[in-house]
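Each structure below appears as structure tokens.
Heads up, the next two complexes both have chain A, just with different partners, chain B and then chain C.
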Partner chain A sequence: MVGLSAGEKQFMHGGIAQDLRSDGRQRLQFRPISIQTGVIPQANGSARVTLGTTVVIASIKAELGKPAPLRPDKGKVVIFIDCSPTAGPMFEGRGGEELSSELSVGLQRCLLGGKSGAGAGIDLSSLVLAEGKICWDLYIDGLVISSDGNLLDALAAAIKVALSNTGIPKVSVIVEASAEDQLEVNVSDEEFLQFDTSGVPVIVTLTKVGRHYIADATSEEESQMSSAVSVSVNRHGRVCGLTKRGGAGLDPSVMLDMISVAKHASENLIAVLDSEIAAAEAAEDDGS
Partner chain B sequence: MKELLISLNQTQKVRLQAALQHLAELASQVSSSNLAVTVADTIPVNNEDGILKGHGTTEFDGQVVATLCGIVERVNKLVYVRTLRARYKPEVGDIIVGRVIEIAPKRWRLEINFSQDAVLMLQSMNLPDGIQRRRTAVDELNMRSIFEENDVVCAEVRGFQHDGSLHLQARSQKYGKLERGQLLIIPAYLVKRRKQHFHHLEQYGLDLILGCNGFVWIGEHAEPIDSEVLEDRDKIPKDKQRDTPLEVRRNICRISNSVRLLSALGFALSVEAIVDTAEASKSSNVDIKDMLGAEFYVQTAEREVQRRASLLRKKRFV
Partner chain C sequence: MEYVSSLTGFRFDGRRPNEMRQIRGEIGVLAKADGSALFEMGNTKVIAAVFGPREVQNKSQQIDNQALVRCEYSMANFSTGDRARKPKGDRNIISYSADHGSKYINTFDASFSGKNLKQIDIFLQVLQADGGTRSACINAATLALADAGIPMRDIVTSCSAGYLCSTPLLDLNYVEDSAGGPDVTVGLLVKMDKMTLLQMDAKLPAEIFTDVMQLAIEGCKAIASYIREVLLENTKTLECMRGS
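And now, the complex of A and B:
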């Protein structure tokens, strides 16, 4: 993918050791992040997140469906990520599938909790309209438009922003038709319910390059990584999920250190996201 | 090419808009002869006879119509459109920076942002020992000791061969492998052809190479190695382990960020503009990483307006 010469590699490693990366950032600093909401009119909620030169879009679509028979009191959430060929020639054809599924699995682990739906960032039971009969299915689609590293963090941020932008139509269940299995529902097109996003975590990925670890790696830095740990942390500073990529092993003490650093970094990230969400919503209101 | 997108707040947006508007006005004052066209614009040819339709034009309803965005150029009877944003088109003598992608018999293949890969023949570059002689099979086997795959190399365009392939040459000490620095890729049209493409910025202790193909190398200053010094081979491996000093690295990052910023704004890259931007960031105490932030982005656009306006004023007085 990204080929670097020996001289460039050495320069990058030296920069990380000296705490000054090639774009002037320190090891744990993020690139400037910016947010737009409501970028897809057909979706219930959408957002574009730009992190330096990485650009991703997330959209939320809600559809009425039937809960799974084993879990009648829970709605369904499906996460699908696609890497657009516009982001790079390596994503052409089936080239992006491996990365797409890796990102989808990583996000599912971080956002959706266990198999039973416990510990999910999105409250699944709030999606149920009539137990065992009808519920909302949330389809979360992410699209990578420009790829310059740290896709997982950008996608998680985009999903969090898109969820806060989501309005789900208010539904009233007409009770008398309950004799049959099919329920009659009345979907309001005026009243929308806001989504509770306070529990949705952000993901902070720390990438180990050489002897140090860095936050928000660019694709050049990622090409030199030995391993990367993605920690998803919610607003209360609790760790919700953990994914490790890369072959090299990590010492448990380093791992614990990384988690506490990620927790600290997530506080900043959440604060930045909150202020950006407020600004983006204000901008959207002005526009409409 | 990855483009930098910068989000601006409301006042910054207004300021940037004003600055860009101003730039457009200044540009229209300077050049009225060049006709800018977009796709489907008609090109006025004043019913001349025997007009030759060149690149980027077609005939539609008896009129010459542009099929590309760019500037209309005329050479005698030939009318063509010179595109503003296109792939790099090499010309003989261009100094370019490229990345080795393959080692083939007697040649290296380089990626230079052209529609095909460039070829650097073993015989068209100086050997490291500096002796002029025929290349032997041993030399061919040792090619990887000169350039490896992924190495960044600086060279000069030698010309097109009969089969249409692009050949390069590196017959001087100033060409060759580039180490200890970073490569930035920007649109090629932002680099204008000049006398000087190698710049040694002494005040910063770094080398800046503006490749005509839009590859910009910014690295620690390296003295061209004389063949006599090279006898002392033991010294080099030790030297390779050395890290770039922090002060030089700060300067490299600052210069790199000014290149990124200017290319994001779409301003032509000259060494003066780059150094000027870096100095402005230093004097207004802007942190290196904040150079890519919204505020400095707008400030740079406004400074460019002032620079061009003063240039225009000087021209009028002369």
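And now, the complex of A and C:
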């Protein structure tokens, strides 16, 4: 928990009102982002995103599974977030569970689309190998290593980068007429398919502190928030999901304003991520 | 299975029987913790964070004249080859971490004299598990405690050794670890040359056990000299930043 004195609170509010925050940023400016890909060699894809002093790792693992009977033409994607106690003593034991599930639900809402799987950032149909029989189950694991606010944006960015880093083995299904349910598959360990990540959105959270809203709040700033709106926007500028947190009510016009500001901020974020991904991939190629 | 090639005497991963995996330590990887470190032994990768010394949270746990050292050990879902389906709260993990905590109380007999600040929390997060996670955790915790500036009598390092194909092997990886042979994990107070941890989980003739244990002790000493280097390097950087 962050404890601020009355003076510190006033300083922060005053700074935000004058568009100059405690760390020298403007209201809608992000902290510097750095990205590393391939940090977990055992996974199909992984990335570490450092946003100021917030550090998160996302890993993607693909396993062969069976599609759900109701949706035989769709693969499955599971998002699971964990807050490590290394981020702070408050996550010790079961302390991080509430925040973890809140983050998981928020990310699922933004990345996975509706219940039918329509409108998902990840094309679920591309995960199916044989309709109704075999598909890839995609396990997305996020781990919060160090927490200094704006976890949702950092995790969404990490997942986006990890997905672009993911290589899924090429699978050829050997048609077996005799067995009814059992299909034999041949998993290639040489050929990998890259994901189409162009539809994966980023999340921009705008936090309302006092009369103004700010992007990429630190934990000190988050402790003073009245409400926060997380908007997920994809490359085409379409809003994919929306989460509002915090108890205070927002005027509908302010909400619409926030959405359009978030949309604008997401363009910058996506551009930064794209260039960081290219740089990280180049660095990884050099290393290997 | 042949864990040591009879032809060349090399192990699966190309190491000699008494060769350690590549180790790497990094101090101060987390900004929010009082002390933190990353430790890698081959593919095993652990992050340790230390919070404290701070006030004892649960007064009933307070012990006079002694620090309260608590420890939590957690493994990331993606740390093992097969993804663990069970989220946090696995009984195994909880008992393992309690077990770990009690070891640290013995291992780090922190004899500092902070008046009311007596609780030290050590949180260990395994990012990748490839055998020897216990050893890597202890080494990472040592670095993190040093980074937190907690006075210690000595540094504790740990290394494991096993016995496969009638050869003592240093620093087992996951494949060798799961071969079912004995796995001797040693924790050593290096300067004082005293053991704080000794564990073995299979049977082994006494005279061979001495050899295997001796090998593990040698491993601990090698790690200790590396850890000293890392600490020295870190201190130099700090000194440089202060600008004396």
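Keep in mind that, in the parts below, the second predicted complex is superposed on the first by the 285 of 288 C-alpha atoms of A that agree within 3 Å, B and C clash if a C-alpha of one lies under 4 Å from a C-alpha of the other, contacts with A are read in each partner's own complex, and residues count from 1 in each chain.
As a working rule, contacts are C-beta pairs under 8 Å (C-beta built on N, C-alpha and C of every residue); 3 or more make two chains touch, one makes a residue touch a chain.
What you are looking at is a predicted structure, and each value in this text was computed from that prediction instead of being measured.
Engineer: Just from the overlay, do chain B and chain C fit on chain A, or is there a clash?
Structural biologist: Clash.
Engineer: Going by the contact rule set out at the top, does A:141 touch chain B (first), chain C (second), both, or neither?
Structural biologist: A:141 sits against chain C, while chain B stays out of touch.
Engineer: Is A:29 touching anything from chain B or chain C once the two structures are fitted on A? First, second, both or neither.
Structural biologist: A:29: touches chain B, not chain C.
Engineer: Could you look at A:6 and tell me whether it touches chain B, chain C, both or neither (first, second, both, neither)?
Structural biologist: In the superposition, A:6 contacts chain B only.
Engineer: Could you point to the stretch of chain C, among 59-67, 131-139 or 149-157, that collides with chain B in the superposition?
Structural biologist: In the superposition, chain B collides with chain C along 149-157.
Engineer: Enumerate the residues of chain A that count as touching chain B in its complex and touching chain C in the other.
Structural biologist: 53, 55, 146, 148
Engineer: Give every residue of chain C touching chain A within the complex, in rising order.
Structural biologist: Touch list, chain C to chain A: 30-33, 36, 43, 47-49, 51, 72, 74, 76-81, 83, 87-89, 121, 123-125, 127-128.
Engineer: Show which residues of chain A lie in contact with chain B when the two form their complex.
Structural biologist: Counting only chain A, the residues touching chain B are 3-8, 10-12, 14-15, 17-18, 20-26, 29, 31-32, 34-35, 50, 52-53, 55, 146, 148, 279.
Engineer: Which chain A residues qualify as touching chain C in the complex?
Structural biologist: 39-43, 46, 53, 55, 57, 59, 61, 63, 80, 82, 84-89, 92-94, 96-97, 139, 141, 143, 145-148
Engineer: So in the complex, the part of chain B that touches chain A is made up of which residues?
Structural biologist: Touch list, chain B to chain A: 2-7, 9, 99, 101, 148-152, 177-183, 219, 240, 243-244, 246, 249-250, 252-254, 256-257, 260, 287-289, 291-294.
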